[in-house]
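In what comes next, chain A is part of two complexes: it sits with chain B in the first one and with chain C in the second one.
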Partner chain A sequence: MYKLFNNKTFIKKALNIGLSYEIAKIIAHWKAEGFMKEAFLFNIEETKKAYNNNKPTVWCSTFVPSELIYSIGGVPFMPEVAAGFVSKIGMAAETLHKAESDWFNNDLCSIHRCGTGLMLEGYMPEPDYIIASSHLCDGAKRYLQHISQEYEVPFYLLETSYYNNEIKYLIKQIKELIDDIGITPNFEKVFKRSNKAYNYHKKVNELRKKDPVVFSGERALNLVTMEFMSFGSKKGIKFYKKLANTLEKRIRNNEGIIDQQRYRLLWLHLKPYYSQEIFTTLREKKAVIAFEEYYQLYWEKLNIDKPYYSLAKKMINHFGWGELKEQKNDILELINNYNIDGVIGFSQWGCRQNNGRMGMLKKELKDENNIPFLNIHGDLVDSRNYQEGQLRTRLQAFVELIDMKKGGK
Partner chain B sequence: MLTAGIDVGSRTTKVVVLDNQKWIGEKIQKTGANSIKRAEEVFDLVLDELDLKKEDINYIIATGYGRVNISFADEKVTEITCHGLGAHKLFPGTKTIIDIGGQDSKVISLDDSGRVDDFIMNDKCAAGTGRFLEVMADNLEVPLENIGELSLKSNEPADISSTCTVFAESEVISLVAEGVKKSKILRGLHKAIVRKMIGMVHRVGLNKEITMTGGVCHNNGVYEILEKELGFKINRPSKPQYVGAYGAANLANIKLKKQN
Partner chain C sequence: MSKATLKINCSYIPSEIITAAGYQLNRVWPNNIGSKGRDLLPTNYCPYSRAFLSEIIDEKDKLILANSCDAMRRVYDIKNNISYLLQVPRKINKTNINFYKEKLIEIQNLLLKNKDKQLKNEISQNKLLEKEVMEFNETRELMKKLRDEILINDKASFSILVNVLKNNYYKKDKEKIKKAIKKIKNYSKIKNNDYYPKVIISSSCLLDKSLIKKVEKSGMEVVALDSCLGERTFDFEVDKNYDNIMENLASSYLNKKLCPRMMDLNKRLAEIKDLVFNRNADGLIYFIPKFCDQSSYDFKFIKEWAQKNNFPILKLEGEYNAGQKGQLTTRIEAFKESLKIAVNNEV
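Up next, the complex of A and B:
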C-alpha cells in the first residue's frame, strides 16, 4: 500500500477516476462503523466532487465557513486539510521539498508549504474560485492568491475584522463575493443542516464533560476536517449525530478510552498528523486529552433571516481571533467545564497567530491560576521537525509534575 | 534499605547507590554507542566496589534520555523530576535548578516543598550544552578541563553571537584567524551560554535560591559569569553530574517506603 502512495502517477490517476472513490466507499462501509464511517464517507464524497468538477470547486482557507461554499452550490476544498492527509500517509516531505524548491521559505507554515507543493506536483483538483479569510493564518491569503494566479481563477479575500463592532465591512465583502460569483445562494437549506449538526455537536461537547474520558483528543483532532468542512452538509449532521450516540453508549457502559485514567488534559491548537508517539506517551502515564480548543462551538447558530451577518459573525467569533483576554477566559472556562488537570499548548513552526499568545497563556494559566501548562514546539505536517525522545521527556515530565501537584510522588 | 538511581545521559552514564538515604557509592562512564551495555557495566562496577549484587538493591529508578531501555530498573522517571529531587535533597532551599548536561540543558523550578513546579528544556539541537563546549575546546586545541580556568584570565569576552555549535564554530575560527586570544574567545563562549541559560531562567521565573547541576558545573568560567550576571551566589554541588542519579535513588527510596 505504501508503495502505491509513493507512485505519483497512480495517485493522480486514482484521484481522477470515479471507480477509486467507489472502492474507497466499499472499504469504508466494510471496515468502519458509526461516526468513523460517516467521516470517511464524507471525505471520500467531497474529494470525489472536487475532482469530478460537476460543481464549482472552491478552494478556501480553513477558517472560511463551509456554509458559505455549500450555499452557492460549491464543493469546499481546503489545501490545509489535504496537507494533513498527505502528512498522515507519509508524503509530506516530498511536497514540502517541492514548495521549498519553488522559493517557499522554510519559515512559512509547513501546512501552507505542503499545500503549495501538492499544487505544484499536480495532485490537486483544479479550482473554480479561491477564497481566503484574513483571520488567524497570515500566510494563507498569500499562498492561496499565488495559487489563484497559477490557475488563473478568481481570488477573493475576506478581510476579517478583529473586533465585533467592525462586522459591517465583512458582511459587505461576503455579499460582494456572492454577487461577483453570480450564483443565487441557498442559505435556508444549508443553514438548517448546519444548525442541526450544531445541536448534535453541542450534545457531544456536553457528553465529553463526563468521566472517564470517552472520546480521545487524538481522535477528535484526527477528525478535525469535520469541524472545518462538514457544517452545512448532510453528512455533517449524520456524523455528529452518530458521534453523540456513540458517546452516550460509552458513558452508559462506563467505557473510558484507557484503563485507570488519572488525568484530563486540554490540548491547544492542532496536533502533528504524521506518525508520532505524543498521545501514546500520555496514555502510558494515564493521561488523556479530554478536550481540545478546536472542538469549541465558538459561533451562534446561523440565522436564516440574517445570513450575511451570521456568516460574518461566525468568522469574527473564532476562538483564536479577537482579544487575548477573551481567549484566556474561554480557555479558563474549558478548564473548569472539562475538569482539566493540565494544558498542553502546541506551537506549530511558523504559526504566528498561535505562538504569539503562548507566553501570555503560560503566565495566565500557570502563574495566575496555578494550572500546569506545557508549551511544546513541533510541526503539524513536517516530520523532519519532530524529535521523539525530547518530546517524550517533556510530556512525561509534565504528567509527573501534575502527579506531584496532586499529591503523588 | 538499598536503593539506586541510574542516569543514562547522552554523554555519560551515572549511578548512585543509597543505603537508607545515605550516599554510599557512585560511578560515572561515557555512555558511548551502546547505552544499554554501558548502563549494565557502570551498574556492575559500582556494585563490585560496594561488594553488592543487583538483587541486594531493593529499588532501582532509571532516568536520563536512555532510561527507557534499562530493563533492570524497577521504574523509569524523567530527568526533570529526578534532578528536581536531587537538588532539593542536596540544597533544601533550592527554588531553581540550572542543569547544563552533555547534549541538553534545562531549567527547573521547584515549589516550597521541593516538588517540580515548572520546567523548560533546550530545543532539539545541542546549542549551548556540554557538547558545544567540547567542540569549541577542540577547535581551540585546549583540553576541555582547562577551558574554565583559561577563560578567567580574560576580563573582556569576545563577542560570540550564537550558541549554535555550527555558527559559533565559524565565529571562533574567524576570531582565531584575527589573532584574538583564546582566553577571550572562551570567555565569550561562556558568556553566550550564560546568556541563553538566563533567558531560560526568566521563562520559568527567577527565584532564589539557584542550584547548578550537570557536567558544565565543573567549568569555573561558566559558573563565575552565571553568578555575576545573576547578581547572587548559586549552589554548586561537589558532584554535579550525579544530581539526577542521586534524585532517582532518593525517589526509589520514597517509592519503596510507600510500597512498604
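Up next, the complex of A and C:
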C-alpha cells in the first residue's frame, strides 16, 4: 500500500478515475463509523467533484467561507488542506523539495510550499477560478495568486476589513466577485445547511465542556478540514450531528479518551500533520487537549435576509483577525468555559501572523493572568525540523509545572 | 511652539494630510534593530518591523501604521493604544480608491480632533491641503531631479539619494535637496573609460544603503532604486485637481509605483520593464529582507519574467547592513563578472 502511495503515476491516475473514489467509499463504509465515516465520505466526495470537473472547482484560502463557494455552485478546494493531507501520508518532503527547487524560499510557510510542490508535480485538480482573502495570512494570497498565473485562471482577492465599521467595503467586494463570476447564488439552500451544522457544532462545543474529555484535540485537529470546508454542505450537517450523538453517548457511559485524566489543555493554532509524539507524550502525563482555538464558533448564524453581510461578518469575526485583546479575551473565555489547566500554542514556521502573535499571547496569558503557557515552535507539514526528544522534554516539564500549580494533587 | 511629531511606516500614507493637520511628519527609517522590544517579536521575523518596533517602543505620540503586512499588524498589536491602523488596499480599482478616500478622511478627522477651530474649518483645511500637495509635488520633482543628476554623473552614488530621502524629503526641505543637486553637478565630469555594468536594485524595503555601497564598490553602476527607501516614495505626482482632493490623494498614492505588497502583477511587471529599458540596465539585484513574504513572491514573479527574457537577475537575502556581509560580496562580485561577460559577448 505504501509503495502505491509513493508511485506518482498511480496517484495521479487514481485521483482522476471515478472508480478509485468508489473504492475509497466502500473502504470508508467498511472501516469507519459514525462521524469519522461522514468525514471520510465528505472528503472523498468533495475531492472527486474537484477532479471530475462537472462543477467549477474553486481554489480558495482556508479563511474564505465555504458557504460562498457552495452558493455559487462551486466545489471548494483548499490547497492548504491538501498540504496537511500529504504530510499525513508522508509525501510532504518530496513536494517541499519540488517547491524549493523552483525558487520558493524555505522561510516561507511550509503549507504554501507544499501546496506549490503538489501543483508543480501535477497532483492538483485544475481550478476554474481562485479566491483568496487578505486577512490573517500574507502568504496564502500571494501563493494563490501565483497559482492563478500558472493555470491562467481568474484570481479574486477579498480584501478583508479589519474593523466591523468597515464591513460595507467587504460586502461590496463579495457582490462584485459574484457579479463578475456571473452565477446567481443560491444562498438560501446553502445557508440553511450551514446553520443546521452550526446548531450541531454548538452542541458539540457544549458537550466538550464535560469531564472527562470525550473528544481529543488531536482528533478534532485531524478533522479541521470539516471546519474549513463542510459548512454549507449536506455532509457537514451529518458529520456534526453524528459527532454530537457520539459525544453524548460517551458522556452517558463516562468514556473519557484516557484513563485517570488529570489535566485539560487548550490548543492554539493547528497541529503537525506528520507522525509525531506530542499527544502521546501528553497522554502519558495524563493531560489531554480538551479544546482547540480552531473549534470555536466565532461567527453568527448566517442570515438569509442579509447574505452578503453574513458572509462578510463571518470573515471579519475570525478569532485571529482584529485586535490582540479580542483574541486574548476569547482565549480567556475558553479557559474558563472548558476548565483549562494550561495552554499550548503552536508557532508555525513561516506563519507571520500566528508566529508573531504567539509570544504576545504567551505574555498576556502567562505573565498577566498566571496561566501556564507553552509556545512550541515547529512545522505543520515539514517533519525535517521535528526534534522529538527536545519537544518531549518540554511537554513533560510543562505538565509538571501545571501539576505544581495545581498543588501536585 | 514646536509642532507635534507623527511617525509613519509606509510610503502609501499621504504625507500631505499629516502636515496639513499641523504635524511634523517622521517616516521611521531605523539603521538597525535596536535593543528595545527585541523580545516582543520572534527572531525569525521581518527585520524592518523589528527595527521599527524598537524605534517606537517608547513612543507616546500618535502613530499611523499602514496595514502593510502581517508583521506590521503585529507592531500595531503592541502599540495599538496610540496607533491608527490604515487599511491600504492591495488592488487599484474604483471600489478600493473610494474606500481609501474614506480612510483618509477618517485620518484627517482624527488628526484634527483636538486642533483649534480655524484649522478644523473645512475651507481652510482644504486650502492647507492644496498647499501641502503643491509643496510635496515640488519636493518630489526635486527628488526626481536629484535622481536624474545621479544618473548622468557616474561619480555620484545612489546612496546620496537615500540620505536625502531619509533626512530631507519628508521635511520638504527643498533647499537641502537643491544643495545636494548642485553638489553633484559640480562633480568632475571626466568619464571613466572602464565599463561598469548597470544594475537595478529592487526590494520591498531596502533596509539601508549598505547594499548600494557594496554594489557600487564592486564596480557596478546602480541605475535604479526600486524600493520605498528609494524611488517609489517620490516618483509620482499628486494630481492637481483640487475639487475632490481626498479622492485625488487616494488615487495618486495607490497608483504610484507599486510596492511588492500590492497585487496588480501586470502593473508591477510593466514598471520593472520600464526601469530596465529606460535606464538601460544590464541586470537586476533583488534584495529580500529576511522573512518577507511580499518580497519572496514578488521576486519569484520577476524572476520568471527575467528567465524568459534571458535578463540577468541576482537574489540576495539579508537583514540590516547586508552589504557588509562577506558572503554577499562574493555573490555580488560573481554577478558583476557574469554581467561583464554577457555584455562583452553582445559586443
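By definition in this document, the second predicted complex is superposed on the first by the 408 of 409 C-alpha atoms of A that agree within 3 Å, B and C clash if a C-alpha of one lies under 4 Å from a C-alpha of the other, contacts with A are read in each partner's own complex, and residues count from 1 in each chain.
Simple rule for what comes next: a residue touches a chain if its C-beta (ideal position, glycine included) is under 8 Å from a C-beta of that chain, and two chains touch if they have at least 3 such contacts.
These figures come from a predicted structure and were not determined experimentally.
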Touching partner for A:L380 - first (chain B), second (chain C), both, neither: neither
Touching partner for A:I72 - first (chain B), second (chain C), both, neither: neither
Touching partner for A:Y143 - first (chain B), second (chain C), both, neither: second
Which of chain B and chain C A:M360 touches, first, second, both or neither: second
Which partner reaches more residues of chain A (counting touched residues only), chain B or chain C: C
Which superposed partner A:L207 touches (first chain B, second chain C, both, neither): neither
Partner chain(s) touched by A:T393 [first = chain B, second = chain C, both, neither]: first
Parts of chain A lying in touch with chain B, wherever the complex brings them together: 366-367, 377, 387, 389-390, 392-394, 396-397, 400-401, 404-405, 409
Chain B residues touching chain A - in the complex, by the definition given at the top: 65, 68, 77-81, 104, 115-119, 121, 123-124, 205, 251, 254, 258
Chain C - residues contacting chain A, complex: 39-42, 44-46, 67, 69-71, 73-74, 77-78, 80, 85, 87, 89-91, 95-96, 99, 263, 265, 288, 290-291, 293-294, 296-297, 299-301, 303, 315, 317
Of chain A, residues touching chain C in the complex: 103-105, 107-109, 134, 136-139, 141-143, 145-146, 149, 157, 159, 161-162, 166, 169, 172-173, 176, 323-324, 347, 349-350, 352-353, 355-357, 359-360, 363
